[in-house]
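By letter and in written order, the chains are A, B, C, D, E and F; residue numbering begins at 1 in each of them.
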């Protein structure tokens, strides 16, 4: 199965035309370019999302094609930290929208957007709504850590709040995916104290939504506990998620996700 | 306490200037104008949200002011049904944004947006982010049925999925708030069968986000079980929510929601 | 006749579908939220416009439906005074435009926009033009004090210029419509001296158009003579305008306004 | 006086810098390119407006500079007739706005916009408001036939409604200004019957505003009575208007129009 | 041939409708209003472009119509110098686009845009692309000095770099076209030293593109050698270019430029 | 030197902050996702541009960082061919602009944009102009085949016009860079006959600019002669270009490109 071509951009035009059909699923990984503390690279979100869809596409039984990653998203709250790059909201939403419109022009019916950055969630939802409401294009949007929240939480070793930005989850995954890029000498961060209306971490109930520059929370840029991360956890979670995503891809191809 | 003026627009300009201070909370109810089946009026979302903040503002100990409701939101998925009115995404987000910018011009520090329509969630989140990122304005956004999800689910009589659009929850609340406008002879609807990736209802885990015109789900425009609604449930829930919101308003005034 | 339902948003979707026909007139009151001196509330424009269409709709023989008021308009020139809220031009025009497009989607042929704020005039005209030129939608636009300029001027007790912003006319109407909200102890203001190219007041010949922040004219926010206002004048004018608007509504329903 | 340079664009940069001061008035004629019946050229509005400011600038005592005319405006209602060119609303308003912003960058304090096309009125008003509200630039806007409505009506020979589009007024002026371009063999048109809510002509009370494509009114593209036009009337009116505009220009230079 | 009407705006609507056919070419001169040193007027680009198309249209055998010039373009880099006026990019591109869309509405198939300002090149190219890609309108874009680069360079007397902004070429042309507006006492300027990546002048190989305010290069606003200019060169070049453009116009009319 | 980190996104935030200084050059490769005939993959432009800057960055003596490639550009003219993806103009320009604005926020002074797609040229030029005019950011823009036109033309084996889209140049480069992705069994295409105003190929004098869908020129999507391509030419050209670009990068770092 490893030999199948899953990369849209590596096809020749006529070759692609012969390959795709009504069932073909095209997957877009949407990440970010933003600070992840002193120990993880700027590309962390993009790497996790893209590697997930790459492996899942190879594993899927049906024809699944992936686009190059959208490596920059909506990250104004990280701009106080060096290296972060952000798009404005309209730029970001139009970028995703135009790509989907182009795919639709080539009769792709099944578009799946896999997001790996929290800051992108609201905008991507508006893009999906707009595509449906004004263009009759119906992508499916998934944010990976929400999709796998049960699986991920089962693997959590740190306390509540330990899996926030650049915390246990992302560090574990990167220890497996990009070991050379993790600075294990600088695993700093910390769990932020919960307040009445603020619960740190990815899986806490967010009853209110507020915008805060990330420097409001942490000088280091980390919310969570990177010291709890394990390469073995990263490997295990990654493999489960790849397997599950391959099922999702096949289900979408077979019309089971409508 | 009933005598206090909670209506921003009923103040005279100089009178308002004397009244407001750094703690004052301004609350905006954002609803919709969209079909709610054969038994509930188009204004249902707006009524629920606005009545909640009206009563809670009266109950609050601190100075709380409310604006007239934003009675139309983002509802393209309901346009197949007569009476629904929708704004385009940019119109809607700019409308909310401009109001917040104006409030900020008068030194209002505490802005609270209470949303009562699912279709608005993504856009309102982008507005709050944009206000923070580009205008240094930091409103708090709450969607009432998410904020009160535990309380509401405890009161649920119908099966899972019974509290969807125009279902048990909204019908109960309207039986209490607008009894003359509920057509109890036409309590039609029904719980949609769950699928692998689709769970009906407000409180089910939405692992994937898709846009569908509402007519895709229901000819009547209802997802849920309005026949399970009770006026007594509506009253009880409404009173609890008012009480809780009044605490939230006071907490915001006292800087406890940051 | 008082029993007829004139409120679009209080209809159920299917009920509305049965009720409306090709003759049905939908009326939108467009007001503002802006300072009106020390004696009138921020909502003054909105109250006047909305109460006019509410009563006229009840009086009309034909089916007339009204939307909730657009309670905020274009008021940057009042932002120096506390409480004023303004939309940007594009936000305001798109808001009105989207509502009209939604009405058109439900086959409403007769849309009437009743404006009660001078600052809205230019923009509303461009909206009406754009709806016709690009959407084949043909609303009728009326600014009430221009529509009734002859009637109003006959009732004027103050000197020329006495009926400017928050002056004799608006104060008289509010003494009748919102007596509890008028601060009769603070009826301040004054007629501004005419200059070669500037004539104060609503009905003077405006040969040139200029933008000035309102604080340029008045520290109190009033141009005109509120002390000349009488509740009896307000009542009389209001009743005549209601009667005349009811005729206009019926004429529109019967195709006499084309 | 004929020798003074009134043309902004014919100055050298350094020469202009030495010439202008705080009093200098810059005048912009805004016209249209649209059908004017079978007898008048497309440029009619532009010609009238531009020739007026050209002669008035020469006559004025103070330093007055004119820009080349804006020869195309907002004319979608004329697009059914060959030759008409229209801008979209935003294009038109941004064009005027950008020019004013550029003038302001060179410290020009007195900007006067002379409009000669009805379709432009609403948009130009919004531009002037926006320049004031967002840019602290305060142009004066004049539509010539409104500014001179008394003078023009005194000269009217035709019945009420005879001075509509391409009617007595514009034909008289063009007989004087562009005699070779008036097709006196084809002076067709006619006064449209007044209806309850529609009064033809430039100076009738427009109680309601509606958009209609011009072909709705006339197959020829004329509302009014071109047969009543006289070259002598055109000459007389033009000369009075030039004289009066020169006074206006000087008054603006001397701060008398604020 | 001098008697033929080449001016679109001087036609009557019905007259134009009879005159134009599928072959008719409409030409638009796009210039600028920007400083041209101490010796040339602000209108220089516009004059050159417009006079070229005016004479060429008269000379052409086929039906060629010209629009009034677009006398302002994209010139932010000249705003440090008095008199320069600039449009924002979107204003400028929409202005040109709207005009082409209007021409297309009247079935004009052959649109030719003659540009005479370097700052406009990028934007005009995007406009032409957008018209083709989204409107099925296919104008031809020519920047005159590139079109005639061989001819012009043959006539060059100055060193390399002498034909930059307000240099030998433009001064020669204006000496012929607008002798009264050239200040021959102030022919200042100078050839800027070439650097590794910067070659001055119009016809040098621009390997890299950078934006610089013009004041970065020259206090006088000139790059090039106006002292090398000759009226005789201007005349000769102008006449050749007129002749060549008339051939181009005819070729376009006859479908030879596709 | 191979060990130096040239990838912006692989840095940790604090690590990057320590690494960059005033001289650091950030390079962005802008490509496309569009058909390249039957023999080259959709990613061809992106591959060439990105591989060039990757190798040149490694070779450069100064600190040079590269961003992930912008793998989609402006390609509406290729949308008739399967696989092509295009952005709208504003989406594309805002995407590039936002990235540059973010880099500027981190004090990067030297931004270099390397473009490898003809369709992007006009838009990228407007972006660079806008960044300079409105943001005081001054990137350098290079389109590689123009920058190296002399070197490339020397290596040309095919006739004039043989180096057009997917022709000799791109095929030679891809034979070297992506041999497995070139379908050497399907090297179809052909040189298009020159017409009076149309010269095929990258290096011919384009006197006029027109937009045409690519299917207008070729059913296969190729203009040029891929059969003339040689892997050895690709290798040689690539190595020279890498060397030259490394010099350019160093020169920019040392302030020699201003």
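Everything that follows uses one rule, which is that a contact is a pair of C-beta atoms (placed from the backbone, for glycine too) under 8 Å apart; a residue touches a chain by one contact, two chains touch by 3 or more.
What you see is a predicted model; the values in this text were computed from it and never measured.
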Those chains which touch chain F and also touch chain D: E
Contacts common to chain B and chain C (chain labels): none
Of E-F and A-F, pair with higher C-beta contact tally: A-F
Maximum centroid distance from chain C, chain identifier (CA atoms): F
Cα-centroid distance, chain A relative to chain E, in whole angstrom: 50
Chain B and chain E: spacing of chain centres that average the CA atoms, whole Å: 58
Cα-centroid distance, chain E relative to chain F, in whole angstrom: 30
Contact graph of the chains (line, ring, star, complete, other): ring
Direction chain F, origin chain A - full chain order round the ring: A, F, E, D, C, B
Chain F - residues contacting chain E, complex: 74, 76-77, 89, 119, 121-126, 128-134, 138-142, 146-147, 195-198, 207-213, 248, 251, 256-258
Of chain E, residues touching chain D in the complex: 8-17, 20, 33, 35-43, 46, 67-69, 71-72, 79, 81-88, 90-91, 94-95, 97-99, 102-103, 105-106, 181, 183, 186, 221
